[in-house]
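The structures come next, written out as structure tokens.
In what comes next, chain A is part of two complexes: it sits with chain B in the first one and with chain C in the second one.
Right after this comes the complex of A and B.
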């Protein structure tokens, strides 16, 4: 197996995930949810992690945060380095400083991530005081500033409110405010707008873009929506069956995807302005994660498959000057 | 309002026929339970006078954001909510006078989440058996044959009949849900967000299936969804709802091609397309700014509207196709171009 890895042009990366493998063991069956993922995020860079359900994007994010429930899950290989510290081997004490500190996260459903019996102000100040040496009064002032920063009107009054008193969009703004509380270098956002209406989603995307420009933080944005990625991200990483199959600058993925899976995924999205028409489909289903085939996991459903696709391990290799593809026929068309 | 405007002008000879499904001035208020010493809050007006017609073989899309009343509307058509006022007509007959079994033979519901709408302890065959026996009135050998036919129709293998819901993927379960709706002999399907829980590649399969079935069997759809691209992909006619009212209705290509209501403009511009150069419309106020539905004072969209003027705060704009074009509820329907008016 060729072990070629292409360094991104900027070698001073903030986060470096190398060969990450995360498994779940259920009733003696081993499910390889993440099967050798390499992922690099530079300072200030915005990376979109795209894939369908079960492709391993959320497990990748949870692995970075060391939040995989064990049992049944376990990181069985690889490293996750942020500034030279390997999170896979770091003690819990260090991890607690990193989570919510240097790496913050926002999840899909803010109502389950917020404490229903505490006013949002208390939750914000608790978050800050766990990481910074702040007295109550200073923390309170900073909490108000944060709500202002995420454009929540009447911040002073909102601090006293409970999560159920806020709309979905407002709750997600509170979650983003909490994530920003300790000036993170990396924000991991896992489908943060999926549960929101389109007009609210548009506002949250605008907010994230604005905050990124202002603070210079990096963003790992997990979604199944290519449109959202294109609005917010510089680079896209596409996952299929626990592996990265393509990495490319955003515009190239839309115009000219190199991996057959990426190309067909882009093709099966309905787009406004195209009217009533049959959509392209990808026949079949992704392989079961406890029965991954030899060779390419997409081979069964691929329209340019050949005999060699089903043998050995296919590596993620450089393609063109700024892309990587896990395919022996990158760019091929049927 | 002339009838052509209600169904769109595409098919003039259909005008004379009775619509398969018609909704007339449907209203639903939810009232909080009266409690001692606590003032009763004003009723929540979920649906405030919605009317439309659907012709045989047509697909009508209802779009709108959460809380606009689209699901309440569907439940009233289905008879799951009693309307506060207004009527639902099936081929000209008031559905409140149609016996439930007869109604169920004609109209069926497909839900968003096929996992929670299928009984986990029944195989597909058992799930299909009840409607085939009681609604389609088939004997055992005929039911067996029809089950195989239905599975084939929705693209599932015949041997899947003896499997349980948990053995299927999300897309396959939605196919089972569609097969079950068709088992009753229904020709009108109410589809409430049928693809929004599915992955993109699976969503495409189910949308194609719905389109094929419609053409093959001449089905009539009321398709409720929040994803405008999905609605455009399947529907002839589209109604846009905002806080309990239809604010604009037109044939799909007209609605998406030349929208007239500021809310429709706003919705369309909010869709992430990937084109960063395309500047998004800025709402005058954040999405949370409007109160709950419930007043007749002025336009409900006024607090968020970029085209708002004083009279919008006091006069409720009627849904009207005047002076020219398709029905829209806006005082300035002919002058809503976001390029000119948005900040």
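Right after this comes the complex of A and C.
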């Protein structure tokens, strides 16, 4: 657990996502990848976004910075506010200030996420010069400092190198350095270690924790891995089939998960270093996003399902003092 | 980079060797007595004998080849009987006219092809892309000699905007405007098909690249859409386009034969047509060799440019 204090969501939130709906239209079929997601991140808070493959974690993150490719994707509802500015409706100029400025991203695969034909130094300085009034030399100096900050040795020489000349872990460090370039208030990290070797994964997680403690930035950490959430996050948001099914402080989720899906995820939690003994252990598959059923989307796979679960709309409701659950039988055990 | 350059330059050697073999073999294919063919029908027996000795025609073919190559390398392409002047002088003069035409066409090809391809990719599914698709289809299905004739009928004879034929040397006494005036129609006729090819390739590479993660990263940096498209997407897409531009130069040089004939452009293409008609063997040989070597060198240049643009090629 990190030592950053949990802020109550409503009073001083940095980012507020409300009712976000993002759809993809492929061959006349509408896929509701994100179907009414609420998400709040306070200043300095670290939030884990967890869920199986295809549950809409990446689409949620990309929607925040308006990076959904259109076509086929489109944000069809909801709002994403940072300091009262709604990014869904903000003009390009405002978006540009937020992207890479107040909110920065680190993606899953650092090899494909870096431009293969530009030296990493140029990619770093470009990020700074988009937001700060720096001349070439100052940007260069700052780029070297950033590589030092993410513990890349021989920074000066590395600046001249191209992504394919670096190791996977090194590339992800470059991505992180780039994300930090303008001292963002929020870092979105979308499975930043999935593409890396196990030993390197631990190093990158250590680095993220260290940087967060040093800078006090907020973190939205997307992962399959509950173990990582336990180490890195204050609060966890669990997604299933494009919806948030539970959100709660990390310790409470581990002690007693309210939603049956969360409980199953926690039960099959892999330990770091044990490889990807993944979340697939829950039998069955999530519903197709173009044919979402009535009621609870998890009903088919749930071990405490009852008749009422398959009817109407089940809302995300308060549970205890600081938790939210989308379940009519929260906390039920088989 | 250096080792890549050395490797790529060394590859030119066998290719050039093959080219010289083929060009030399043209001589062997002439029915009857080559010396007589080279000198034309009014040659005296003494002249024929002298030439046979010079070209080692009485010796086996590989000696003939070495002799011929030795002459060519020292700039001695022989003498054209039909023009009664050294082949080298003639082909260089004609080639400079072709370079002016094909070079201008290349410029049009590259500018038009790249810009149209980028716009079509960025505006995918919009009217710009639809217009482009139709335009490219039409453009690609029209042969350049036919386009040349249509241009003459419409823009020269009909509207009278441009001369029907003729050429002014780039560095001659007439001003650049007159040179350009004579260039516009033939260069455009020559360029359009190649521009269509480049545009289609640029469009598809851009569409491919625009889907890549690093383009998303670039957008997430908060730089302008223009920088994302040019500095990140196009900079990667063009790597695949450059070698094809090199190949298109071959089509431009080949297409120049028709376009030069239609527009009365005194280039090497038209020279070759005439030389084949008058069976001026040495002129044909010299012309073909020059064009072929140019093509090889341009493709070398294209590959080197590609390597300069893509570190994975030059360092890999």
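Quick note on the criterion: the second predicted complex is superposed on the first by the 311 of 334 C-alpha atoms of A that agree within 3 Å, B and C clash if a C-alpha of one lies under 4 Å from a C-alpha of the other, contacts with A are read in each partner's own complex, and residues count from 1 in each chain.
Note that in this section contacts are C-beta pairs under 8 Å (C-beta built on N, C-alpha and C of every residue); 3 or more make two chains touch, one makes a residue touch a chain.
This is a predicted model, so every value here is computed, not measured.
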{"item": "Touched partner set for A:256, first chain B, second chain C, both or neither", "value": "neither"}
{"item": "First, second, both or neither for A:127, with chain B first and chain C second", "value": "second"}
{"item": "First (chain B), second (chain C), both or neither touched by A:231", "value": "first"}
{"item": "First, second, both or neither for A:322, with chain B first and chain C second", "value": "neither"}
{"item": "Partner chain(s) touched by A:97 [first = chain B, second = chain C, both, neither]", "value": "second"}
{"item": "Touching partner for A:198 - first (chain B), second (chain C), both, neither", "value": "first"}
{"item": "Touched partner set for A:71, first chain B, second chain C, both or neither", "value": "second"}
{"item": "Which of chain B and chain C A:282 touches, first, second, both or neither", "value": "first"}
{"item": "Broader residue contact with chain A after superposition on the shared chain, chain B or chain C", "value": "B"}
{"item": "Contact residues common to both interfaces of chain A (with chain B and with chain C)", "value": "none"}
{"item": "Touch list for chain C against partner chain A, complex", "value": "125, 211-214, 216-225, 227, 231-232, 235-236, 239, 309-312, 315-316"}
{"item": "Complex contact set, residues of chain A against chain C", "value": "62, 65, 67, 69, 71, 92, 95-101, 104-105, 107, 109, 112-118, 126-127, 130-131, 162, 164-165, 175, 178"}
{"item": "In the complex with chain B, residue positions of chain A that touch it", "value": "52-53, 151, 153, 167-170, 197-203, 205-206, 224-231, 250, 254, 264-265, 268-282, 285"}
{"item": "Residues of chain B that touch chain A when the two form their complex", "value": "65-66, 169-170, 199-205, 207-208, 211, 226, 228-230, 232-236, 252-253, 256-257, 266-276, 280, 283, 286-288"}
